[in-house]
Amino acid sequence: MRSFASDNNAGVHPRVMEALLAANKDHAVGYGDDEHSRRARETLKRHFGDDSQSYFVFLGTAANVLGLSALVRSYQSVICAQTAHINVDEGGAPERFLGSKLIGVPHTNGKITPEAIAPALESRGFEHHSQPAAVSITQPTELGALYSLEELAAIGEFCKREGLRLHMDGARISNAAAALGVSLAELTRDVGVDVLSLGGCKNGLMYGEAVVFMRPGLDTDFRYMRKQAMQLGSKMRYLSAQIQAMYGTDLWIENGRHANAMAQLLGQKAGAVDGVEITRPIETNAVFATMPLKVIERLREEFYFYVWEPTRPEVRWMTSFDTTEDDVETFVAALQRAVAA
Amino acid sequence: MRSFASDNNAGVHPRVMEALLAANKDHAVGYGDDEHSRRARETLKRHFGDDSQSYFVFLGTAANVLGLSALVRSYQSVICAQTAHINVDEGGAPERFLGSKLIGVPHTNGKITPEAIAPALESRGFEHHSQPAAVSITQPTELGALYSLEELAAIGEFCKREGLRLHMDGARISNAAAALGVSLAELTRDVGVDVLSLGGCKNGLMYGEAVVFMRPGLDTDFRYMRKQAMQLGSKMRYLSAQIQAMYGTDLWIENGRHANAMAQLLGQKAGAVDGVEITRPIETNAVFATMPLKVIERLREEFYFYVWEPTRPEVRWMTSFDTTEDDVETFVAALQRAVAA
Amino acid sequence: MRSFASDNNAGVHPRVMEALLAANKDHAVGYGDDEHSRRARETLKRHFGDDSQSYFVFLGTAANVLGLSALVRSYQSVICAQTAHINVDEGGAPERFLGSKLIGVPHTNGKITPEAIAPALESRGFEHHSQPAAVSITQPTELGALYSLEELAAIGEFCKREGLRLHMDGARISNAAAALGVSLAELTRDVGVDVLSLGGCKNGLMYGEAVVFMRPGLDTDFRYMRKQAMQLGSKMRYLSAQIQAMYGTDLWIENGRHANAMAQLLGQKAGAVDGVEITRPIETNAVFATMPLKVIERLREEFYFYVWEPTRPEVRWMTSFDTTEDDVETFVAALQRAVAA
Amino acid sequence: MRSFASDNNAGVHPRVMEALLAANKDHAVGYGDDEHSRRARETLKRHFGDDSQSYFVFLGTAANVLGLSALVRSYQSVICAQTAHINVDEGGAPERFLGSKLIGVPHTNGKITPEAIAPALESRGFEHHSQPAAVSITQPTELGALYSLEELAAIGEFCKREGLRLHMDGARISNAAAALGVSLAELTRDVGVDVLSLGGCKNGLMYGEAVVFMRPGLDTDFRYMRKQAMQLGSKMRYLSAQIQAMYGTDLWIENGRHANAMAQLLGQKAGAVDGVEITRPIETNAVFATMPLKVIERLREEFYFYVWEPTRPEVRWMTSFDTTEDDVETFVAALQRAVAA
């Protein structure tokens, strides 16, 4: 089976699997006090600076919720795009665990701006309203769009000026870095991000993400928060070894580049098919397209993928680190058959 | 490094690692809707019956908290031993996630009885008190002790009579089954357990436990609870493949038996050392002992392990699936040197 | 001081105060097990039927949050108007106490429709989304608008068909009943409302509202929920005596009628002033109007009231049970002076 | 009806009722921004110093939970006596609202000591345990006992040394101040209390307590916490007027003295009855006694009161601000008849 449903339908990258095998020697102290974990944390310091501090968790929803839990109290709210993963795809985990309100604001392909955020700040200082205290952005967005460095810096400056913390959901940040040709630090710390959810699973890990705090003072007592949030694994060395395999080498950016290139290819080829229209700019590894419902139904008999907007109807196709040109050809051939039928 | 600090300091069993490698083929639908996951759920049905239903989560604390979240509401309380893992070793996750009070009752080596539970029920029906609604027991206990089937049945009947749900923390249930020579169903479903936290990580998995509901009607909407509790992994096939490798073969009981045997050996040999006293019955894979503080300090220079009760002082040593007779010999030799010094 | 800022700026109705004085005799058992409380609960059964069950709480936010807590679990969401009090004016209490997501949908003057609700239901059955389980409407709305009985019934039928519970925030329900000329039961139970927040404070009580469950089975264990939500008062007789004074006589409807009439008068007179435009239908006791910012500023030097929409700018004026024609005259005279200046 | 069941079975003190009547003039801005509220807050500054800051809430459970919510985060725990009101009589509200663990420690008549607290601190710094961050004591205790100033200071110094915050549940603090002959500040601020729940309802108010922060910096954003906890009343002037009536005059201490004196009288007279044994020192307004079960049953036919410890059996009798010598005589006469029967 080959899928364009999600980049998490891909498996584990061979070099990550090798790292897991290599880590499987002897005993190791649990909960992160081992050599693999120390090394992986050092690796992330090389990416984000000596002032940064990283904590590993099992999955992206936990990285987001836990990162935000260090930034807001329950009477405070988080401003994000209406389409943000935290707002629509985490089963209400933010509300449950933070006790906070999320304020979804208008967006363009999942991107928000200081202008979109500003109106939500009018409730500040008024006792009856949840108090906005953090902004969360997704880079690239859930709709495959990219914030430019300038756009990020504008949000970062706005947040600083307004006393808001800035969180970035970087579940696919490797794809963003690859597309923009910048370092992870340039994409986060340097534009004012306070806390990053650093993705792993969607780019070739078996499991594991990191919560990266860019400055001292943000992660006070965070290890207790992680434990209470049921995200402290005992055999931490295996999670750490994966992080190390990905971010201690160029694997992260190679995988990101590859998935992006495959999305471009898919977009070109699929977009050339009659009746198929690419609906959003292809900036990373997501391709959105509209086509007749019948075409979608036929294609889904062969390939599983999501209908994103049933009313248009618009579908989402994701490429991943292991998508091949052959996969794209096979898929587009099936698409052509579906159109022809 | 070889450790007697915890059974989670051991690595991943080779057959589990092989299963991970084997699962790493092609793409698979995420979140549990894949072949590996279906097979693993079927495997657990063979253990616990067709009426049972299993859900996989990342770690034991999550299995406990989530299992309990299906049994109690926030205004209800959970009765457990004062020493229960949920009460002292989960960083307050139960209180945070359930919103419930835990009522710790007196115990013997971690075991509780209907007589110990009964006084906590006096608050029922009185509006000012959190309402007891579930009992949680750990088999074997955090102190290595075993409930007999009779003792379990007595608790099960008591709970049924009193309208209480029964949860079992089975993080090391394989060690219990091995010691008692009974099946997993006999140890749980047949004595009245409603929900089981089925261990994996402490018996040779990389990560992964299961929440097993013994009867229909208990797991209503549980998949939404799991998602909201940040325990729904995307690449579920890898978790499932591990469960399958362990519970789809005899690996679980073999590992349990082996660890238990090594604890017996360690107990005999260490207990024969001058000034070392074994303090609790060795019924599974835990050995508790007292000795002079100086001896502990010298031994800890070579081997990491926990001082359980600093005042006595009493230490805890755990054996695991991969503990060898050599490991025991080496450790006891070091213990003898520490005593001699 | 006379205010048009809110109907809660008014004091306590003299007959309510008399009831408080009359209740202040002898000792009484606490927490609701007293004669005053029994009588008040019986009174509400006369309004809502023998199948209904009422619980008294201190304030409206608590009535809303607690009523909803009986209808939804944390992984479920509540659909409401974007402008709903629960969504914007309760400081995030619903998210904190329910752990649930609120889904704000488009509205007209605070009123929502089955058509506005329906799109939010698309997420049902999809594990990654908070599951819609209840609808909350406000009658009259926060913008002073009224649902007709037909509109209410349409929502009630829609909810029944879709398996959604229906909550009504009736903080000002007396104003609605007065305006529509219907009974409290016709306005709630008969159109399919499951749980009502029955207002008191905005209509002349010192404090106190009721959560009214329309059918058996909805309020299971609710008394424990109320206690845990810190809303069980000890000297309950005083709260109950107020409820009795209001709903055991015609005081509730008289007060509602009077406030509505004063709003009509205010609307006519203020709307006739040059440069002042009444912006929404005056259906109950709220008047919304636009006028030049300078006029607002001058008028606010004499009278405190809220600027509802700073951008237009639109103000809100509320009348109350004790607003007099003189009050209206005085206020409009000041408005005229402000315009003239 | 005259009751010795609880001091909250008494009514509202006439001077408090007068204050409510006097406050019922004109309109007033809601939510605490009114003259009555300003005056009452100033009054409490006179008691607790200019650095103190007070917030009014509806009831004692809310005062306790909210006060603690300013001192601990969910991963932190609160140490208290096993018998503390927060631990056993608040329906699990602390666990639900704080998300924290309460650690009940051994006590004498409800009093705890640094020695009793210290063992609970061993879990500090260990990631798997909820982190102790605050101590909560009740003065006088739920069993009527008094901490001396020396005992309080010892706890205060211990907390300061150990970096723990100190909360005092002062639901009946007037009885303590009366018994010890000290000021409210001497009893709280001067011995190191950080936050006080200042009682009102049990000493003659209709409703209303205060959360008093003794130093700046402790109440950051507390007004948002109060709102989110559903404890911000709209017609705040009535709550404030009661606080003012009680603490702006000597009413608080007079009421406390009177109730204490009545408890002494009751203890003397009841203790002299054959077969009745006073079981705890009578230091404030609570009297505990044992007697044959038959006597209790007969007496309860005439007077409602609580059986505190069914096994002994031990009963609790409370006196209040309005208990008269006649009430005591009548009650003891009934007790004598019950014994004689």
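For reference, chains read A, B, C and D in written order, and residue numbers begin at 1 within each chain.
As a working rule, a contact is a pair of C-beta atoms (placed from the backbone, for glycine too) under 8 Å apart; a residue touches a chain by one contact, two chains touch by 3 or more.
In this text, all values refer to a predicted model and were calculated from it rather than measured experimentally.
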### Message
If I compare contact pairs by residue number, which of C-D, A-D or A-C overlaps with B-D on over half of them?
### Response
A-C
### Query
Where are there more C-beta contacts: A-B or B-C?
A-B
#### Entry: Chain centre separation (chain B, chain C; CA means) in Å
50
### Query
Where the centres are mean C-alpha positions, what is the separation of chain A from chain B, in Å?
33
### Query
Touching two or more other chains, which residues of chain A qualify?
74-76, 90-92, 96, 99, 127-128, 130, 224, 227-228, 232
### Message
Looking at the complex, which residues from chain B come into contact with chain A?
### Response
1-3, 5-6, 8-12, 17, 20-21, 23-30, 58-59, 61-62, 65, 90-93, 96-97, 201-202, 206-207, 224, 227-235, 238, 304
## Note on the structure
chain D contacts chain A in the complex at 31, 73-76, 99, 127-128, 130-131, 221, 223-225, 227-228, 232
### Summary
The chain B residues in contact with chain D across the complex are 74-77, 88-92, 95-96, 99-102, 122-123, 127-130, 310
